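Below you'll find the structure, written out as structure tokens, and then a few comments.
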């Protein structure tokens, strides 16, 4: 990661998205932002507030409520030389655009043998813990990470948000950029000033340890880190890895860590069955079986569609630092 | 009944709010659902309705002050006639790091958390054969690489499971420890947490308790029994005048340490003498087998090393081919490896005879247990200044050191063993400051 | 052999020269010939799949004539063989895709008839109906955003596709932003086995245009000159900033949907035969002969030349090797293939 200056600014995740989008709009005329309520309203989290005043309605497009064509039109823009950033207002609304993402954007380069490409970014807030109930809380990465031709990132820290969003914008292929909405204002951090990118496909070791590897991303990596730090008081040494990038995923960092600690716990907010953890488990079992001193475990959401609106339902669905600590402790002591 | 009002969460992802204006002051009455304070966040401004009917008892936050979602902002004394109040928290979503105002319904899942941590996995433990079957891939691989039988290892994992750490520690143990007296203290082989009640640790044994066996003690026990029950042990001793040897060593030690980085003890001199005596008495460097007494071609001297957490006997291979200096360096390397827990299988295998510097513990005489597969083990005891009658009947103060030998009486008898000891004594007494390392 | 325009006072030729009229006829003949060649190869067992466009010749030749090569963008669907030829793809390129050879624009990855050519301005598309229409809208937006006057997007589809949600979303958006786009619906009355009256209550698709706030017009899709006139007017409007138009050309699908379809399971020979009477190819031949633009001999020679060209293209394409197995792994992302496991 090349950082042009040594100074930095403290900001939260939503500010990091905003600042990065602003610079992209300023620096490249080909950048177009389109989505519902992104113009006059400036996005429902105020991410693009006042952008339309500075960059004009041709570059900040308030679309009709039509997710399939938000993405489809963006695909056409990308094929014809623009650099569109399409927004799906909540990840829960992305399903009508499924074909455009999976069947069209992901396949443009492949089906045309490289004659046409699709440099597209699709941004969307996902995740729960905000009393968002069944349709404002889901995680969607498992639906899309399966698809060759797509890229998916889910940064958890503001510095990563900026670096990865810049990388996504520069990427010549379609990138699904997932922003955990609970971390928007909750997570603050130092963000280096100036333009920089973080390469896709590189995880980040947040905390080193020797007895257990914990792999996570999004809101849950913050809770996992908290849990691991609290378990240090019980004498446990736990390594916490922030995936940051789901496709491509950093196999090397995961394997190096598991070879050291011999135990792996995958923690994610999405459902357990068929979630990201299933693929990581299979990979580690296939490539590092004889380093494992315990079964690979996954601490994930139960097999129900989403979290309910009533508080006890949300709490039951979601994990917590204490629940995660329990899972970590069990595996360390195995 | 006093009800504490907390800062509500106005909008998804909002984590704090500002009290814009108090619509009531202390002492005012308020009806349920009546707005009593105006709160603003960076997304919305809103009037907050009271959850109860009552009187404002306390206002905790000033106008213009910003607090985290869920923080207490006021206390209202409820009037009895009101229907049962809803929970004090006005729908805050607890921020993960915030300790304030956890919703009362968390009891249920807190209990579940405890249940999760208390639940032990049903794995490992049981009989040694079960331990083998339950061995993880890492355990199997490490056991294979270090040529250790998993069934011989005591597990320190959940339910007595043999862990990968247990295998690695057992590998450091190597072949049998030679010495029978108090050895390693403070055994701490990767177990976490305090011992269960009624037990204590090897490092801090408490009268009236049991020190549970870890695999180190179990291996030692096993091997000592095997050796003593197989080889009929006999014992002999000589007293050696090491005055000149001591002078020689004293003269060399500083330069040696400067040049090599290793300490120069009496051990390499001793081993040099031992290998020469073994050459003269090859049956001491032999092994009893059903087919006969196998006289070893190589002379690989094991050095017993007692560490804080371990007892190991690494082997100096082809010790007969090394000078005193070479022996000192080889020994020094092995000791350093042992201290760092980095001895490999090669370092611990292939010994044909063992020496033990028991004098370092202050012992005057000892009867060591032979390393299984060898014919004898010889010790250096403490060097003690004593009045001694010399050849010419004069009395002088000399540095005297006992050497004790345990021997396998199937292989050698007193004639050979005593001859060996006498030869060893002669060689040691001949070593002096005019020698070459 | 060209006759002057002054001879054709009563003949509505929409300003087309004799040469252009002959060019349109040749396009129609070439379309039918190549179309047929696909089926021949299928029946020979050389290609597993063929999809025909008989009945669309006039519509596509006329529309192609209205297209400005090097400026306009075409976003077609898989029945647009004549349009692909008409905007500049060669029979050889068409045959490469039928044979799925390595030198095909798509490297043999797509079904035949999934034309693509960056050079000709033909946007790559998939088999998913209506998915390409938002792409056409996005491309039109790009043209407008960059202020490129004199350029427009011609996007086509069949009657069946107009039922898809993305067709509706695209029309709506194009109209809101007055994009330089012409939506050409080739209404051949059949969506595989679904007749028009099962697809829509309002059988005149052009009437939907008013609902979106754009002009709409219907024309005889069997008449290449009427097609040309309508499409070029719409394209001119788009190119000069006048916004989008919905144009509907009515023709007929003489063949089954593809070699995987048996159309006798849902319509009668008699119905097809009845529509054959209006076959646009012999009809346009007759018109041009009658108007003295060409002659029987000239047409015979044209057909012979079309066959020759078809044969050459067929042989040349068949001789090109298939893509190698290692080609499966290229062009997934920019750069080399990097699988996870």
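Brief remarks on what is shown
For clarity, chains are labelled A, B and C in written order, and residue numbers in each chain start from 1.
Note that contacts are C-beta pairs under 8 Å (C-beta built on N, C-alpha and C of every residue); 3 or more make two chains touch, one makes a residue touch a chain.
Keep in mind the model is a prediction, meaning the values are calculated, not measured.
Chain-to-chain contact here is organised linearly: an open path runs through the chains from one end to the other. Overall, the chain located most centrally, as judged by its C-alpha mean against the mean of all protein C-alpha atoms, is A.
Averaging C-alpha coordinates per chain and comparing to subunit B, the farthest chain turns out to be C. Distance between subunit A and subunit C, defined via averaged C-alpha coordinates, is recorded as 42 Å. Taking each chain's centre as the mean of its C-alpha atoms, subunit B lies 79 Å from subunit C.
Under the contact definition stated at the top, not a single residue of subunit A touches 2 or more other chains. Here subunit A touches subunit C in the complex through residues 32, 58-59, 63-64, 66, 68-69, 71-82, 84, 96, 99-100, 103-104, 107-117, 148-149, 151, 172-173, 248-249, 251, 279, 282-283, 286-287, going by the rule given at the top.
Subunit C contributes residues 73, 75, 104-107, 109-110, 114, 116-118, 123-124, 126, 128, 131, 133-143, 145, 165-166, 169-170, 172-173, 176, 330-334, 338, 340-341 to its touches with subunit A in the complex.
Listing the residues of subunit A that touch subunit B in their complex gives 14, 45-46, 129-132, 136, 181-182, 184-186, 219, 222-223, 226, 234-236, 262, 289-294, 311-312, 314-316, 320-323, 325-327, 329-330, 332-334. The part of subunit B that touches subunit A in the complex is made up of residues 9, 12-15, 42-43, 91, 93, 95-97, 103, 105-106, 108-110, 112-114, 116-117, 119-121, 123, 136-141, 157-158, 161, 163-164, 192-193.
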